[in-house]
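Chain nomenclature is as follows: A, B and C, assigned in order of appearance, with residue numbering initiated at 1 for each chain independently.
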Amino acid sequence: MRRAALSLGAAIVAFAAILAIFAPLLMPHDPFAQDLTHRYTPPFWLPGGSSAHWLGTDGLGRDYLSRLILGARISMLIGVSTVILSGIIGTTLGVLGGYFGGRTDAVVMFIISCRLAIPVILVALTTVFMVGSGLWVVVLTIGLLLWERFAIVARAATRQVSGLDYIAAAWAAGCSRTRVILGEILPNIAHHLLVIATIDMAIAILLEAALSFLGLGVPPPLPSWGLMISEGKDYMFFKPWVIEIPGIALLILVLGINLLGDGLRDRLGARTEQ
Amino acid sequence: MNAVLEIEDLRIGFGPLEAVRGIDLVVERGQTHCLVGESGCGKSVSALSVLRLLPKRARFSAARLAFEGNDIAGLGERGMARLRGDRMAMIFQEPMTSLNPAYTIGSQMIEVLRRHRGASRAAAVDRCIAMLERVGVTAPAMRLGQFPHQLSGGLRQRVMIATALLCEPALLIADEPTTALDVTVQAQFLRLLADIQRQMGLAVLLITHDLGVVARVADRVSVMYAGRIVEHGATGAVFAAPRHPYTRGLLASIPVPGKIPPGGRLGSIPGIVPRIGAGFAGCAFRARCAVAMPACAAPVPEHRLADGHRFACHLGPDGAWSGA
Amino acid sequence: MVGGMNHVIEAIGLSQVFRQRQGLFASARQVMAVDDLSFRVAEGSALGIVGESGCGKSTLARMLLGLLPASAGTLRIGGADLRGMDRRARARLIQPVFQDPMSSLNPRRRIGATIALPLRVQGTGRAECRRAVARMLEEVGLAPEIAARFPNQLSGGQRQRVAIARALIVNPRILICDEPTSALDVSVQAQILNLLMDLRARFKLTLVFISHNLAVVEHIADEVAVMYLGRFVEHSANAEIFAAPRHPYTRALLASVLTPEPGLGLPEMPLGEGSPDPTNIPPGCRFHPRCPLATELCRNQAPPRGAVECHFAASGAGA
């Protein structure tokens, strides 16, 4: 059962990654090409649908499937970039605090507390509103705001690991502090961080969708899934599939990432406890 | 009939691994029976199988498993749950694994009494205090309100033994209760156990890897190696004339002050316990045995001497090849 | 031996005080883990340190290794202070073997890489390291293919051998063993003790060997120090301690060794109940609450400093 969940999660994430990487090859049409004579063509399973546009077209006659695939690329790009950024910030702070303890740790705890006092959505909205929307603005904003989970977990795990004898042995072997941290501590807390990475990735993707929905995320004509939902919201009651399709895509991707994270936690946790 | 626990041909396996390969064991009332052997030889799983606490994936069979004369091999989970902690009790090596860190000592001890005896709360509290006092815990009433982590290692062991003895069991199984302790606390603990055993007429199955402990407390001893009992007998007889090469190796590996000249070497057994799968034949000790011969790969004969002393080796009681 | 005796470890007035907070608002309590210790260890000799759990053995070991700066006193290892020393030079001087074989090896590193680590830090090349690892594995009696395994595929005794190989690969002058056999079976313990004895001669090591069992250090140590609540209450040559223990605590430790002699029964423990508490060291002689010989003098006045810290050491009363 657990294995199945892990495999399903991994399959979903792998599929999304393939879509993202090979988007230009997989898109059947140009996602930006407008065709005002074919607006709101329904997907093929509804009356009026055709195999020319499997998932129909949007209000400007652009191929919905192509936009969905390009949207996957944007979601994955944002998810991965923000996690890398926030992972670096959070892990650095957490490991330093956990390893050195004392005053360093007090400073790290203070920074974490400050970060926890910041309302993420509000600050993200304001920043993007002031700086102007754009893909990298979104990545930077979310990345700089989402590192606290990494910091907290890295700090706790580091404290636990650095009391163990093999750390003392490495120190006695003459390893520099950098080498102790990179060679002994990081590999032994990496499995905790991997789980946090999946959680934060899902959150980042949802946050981007929310920002884009509010018109403050990825600027049009780039097809972010959040933006697609936003653009379709006026037609929600007449042509529900316009928001159902990106909505379900978002749901599946986030679900897949979470399944992967849970599965990894169980697997890696069991392995290290042996 | 004085036997409290009788085991015949007990076998336990995990997947391809044969952890216990047919052991016979009898523990009598008022007697301390020691099960000795190296890590991984199957001592703990044998003890757990008596209480039916083996993991589900374990294979388990026994020709006879009787407690106070009644067969318990066929007893269901309900019946076993009634026996455990009441007529038979167990204490473990690491007290923290059997004491729940989230509850006070008192609530854990009282729970045992109420489950098995249906005692009232007040009566249970009185009995717990009396029991703690009896095992030498100072300020017992205060201890009831403390959590396990607030006690020292030695006190935790005492609390554990008090909990195990609350319902006056007939059999106590102690799995390496002193391995984590220093020598002084170990000596105190074993004294305590011996005193209580004498007062209660308890049968004790004591598991250890230290023949020094065995020498001082056991009436009978079973030496276990790779899932088999290789030598069994009255403690005095086994120590005076150990027959199996493994028993001799174990005896030689205990450091005794003044016995070996400075710079001399301790006797030791090279190598480690093998993991034994299905289809293994012959003596499991032969890879580490100093007197092994090619013929040791043949099935091992068992020799019986006086007073139930028996051992399994190709070399007979006279030290000569017994020609299986 | 005359005149030119070279002491590689010299401790003068060494102390370690921990501050321990009991609760959020309670004031910190002072834990006297090591209390004003002075001792010397001659090059090439072996000092055994024995004492109950919590008496400060590991704390002393960590101080000797430079893992823990002393709260007071001076410590010179190989004639120098570890704090100012280059970390590579320190590693060639002194190496540890720890108690818990489960946690002393990095679970994510192969055994070969673990053993090679101290050598890699010294800047030795990979090929040379591989040869050295193979040689060390042989020295400690392990098969060469172990190098490719991970720690969780090894038994406790095998792991302890790996830890010894790692410590000795840089050919250090001093080896600090903190209860290296306490977590092992007695039969495996004997293997490790024999191994340490062999290697000690072969590598010309100065050894500090910590244990809670007096019988275990007998085979290894030239001198034995018995530690109680942060102090050496008796410190003499190996033969003397075993032939004529003078401190009542040493006698209790010796009595609690369970030798394989059936019929002797359990030893009468002359020790009083209760465990020593380093946050609250008794006035007078620190051993008096558990001492069978304690008198009014012991309760009020600390015994004179010396090889045996007991008021009745000279007279041997009650022995």
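Following the convention adopted for this analysis, a residue touches a chain if its C-beta (ideal position, glycine included) is under 8 Å from a C-beta of that chain, and two chains touch if they have at least 3 such contacts.
Keep in mind it's a predicted model, so treat the numbers as computed, not measured.
> Just say which it is for the chain contacts: an open line, a closed ring, a star, complete, or other.
Topology of the interface graph: linear, an open chain of contacts.
> Counting C-beta pairs in contact, which comes out ahead: A-C or B-C?
Here the pair linked by more C-beta pairs in contact is B-C.
> Quick one: report the Å distance separating subunit A from subunit C, using the average Cα coordinate of each chain.
51
> At what distance in angstrom does the C-alpha mean of subunit C lie from that of subunit B?
31
> Under the stated contact criterion, what part of subunit C meets subunit B in this complex?
Subunit C residues touching subunit B: 52-53, 141, 155-158, 185-191, 193-194, 197, 212-216, 218-219, 238-239, 242-243, 252-267, 269, 271, 273-275.
> What residues on subunit A touch subunit C, complex-wise?
Interface residues on subunit A, with respect to subunit C: 164-166, 168-176, 179, 184, 187-188, 272, 274.
> Can you check the complex and tell me which residues of subunit C touch subunit A?
62, 65-67, 87-88, 90-92, 94-96, 98-100, 103-109, 117-118, 121-122, 152, 163, 166-167, 170
> Considering only the defined contacts, which subunit B positions touch subunit C in the complex?
For subunit B paired with subunit C, touching residues are 38-40, 136, 138, 152-154, 181-188, 190-191, 194, 209-218, 235-236, 239-240, 249-260, 262-270, 272.
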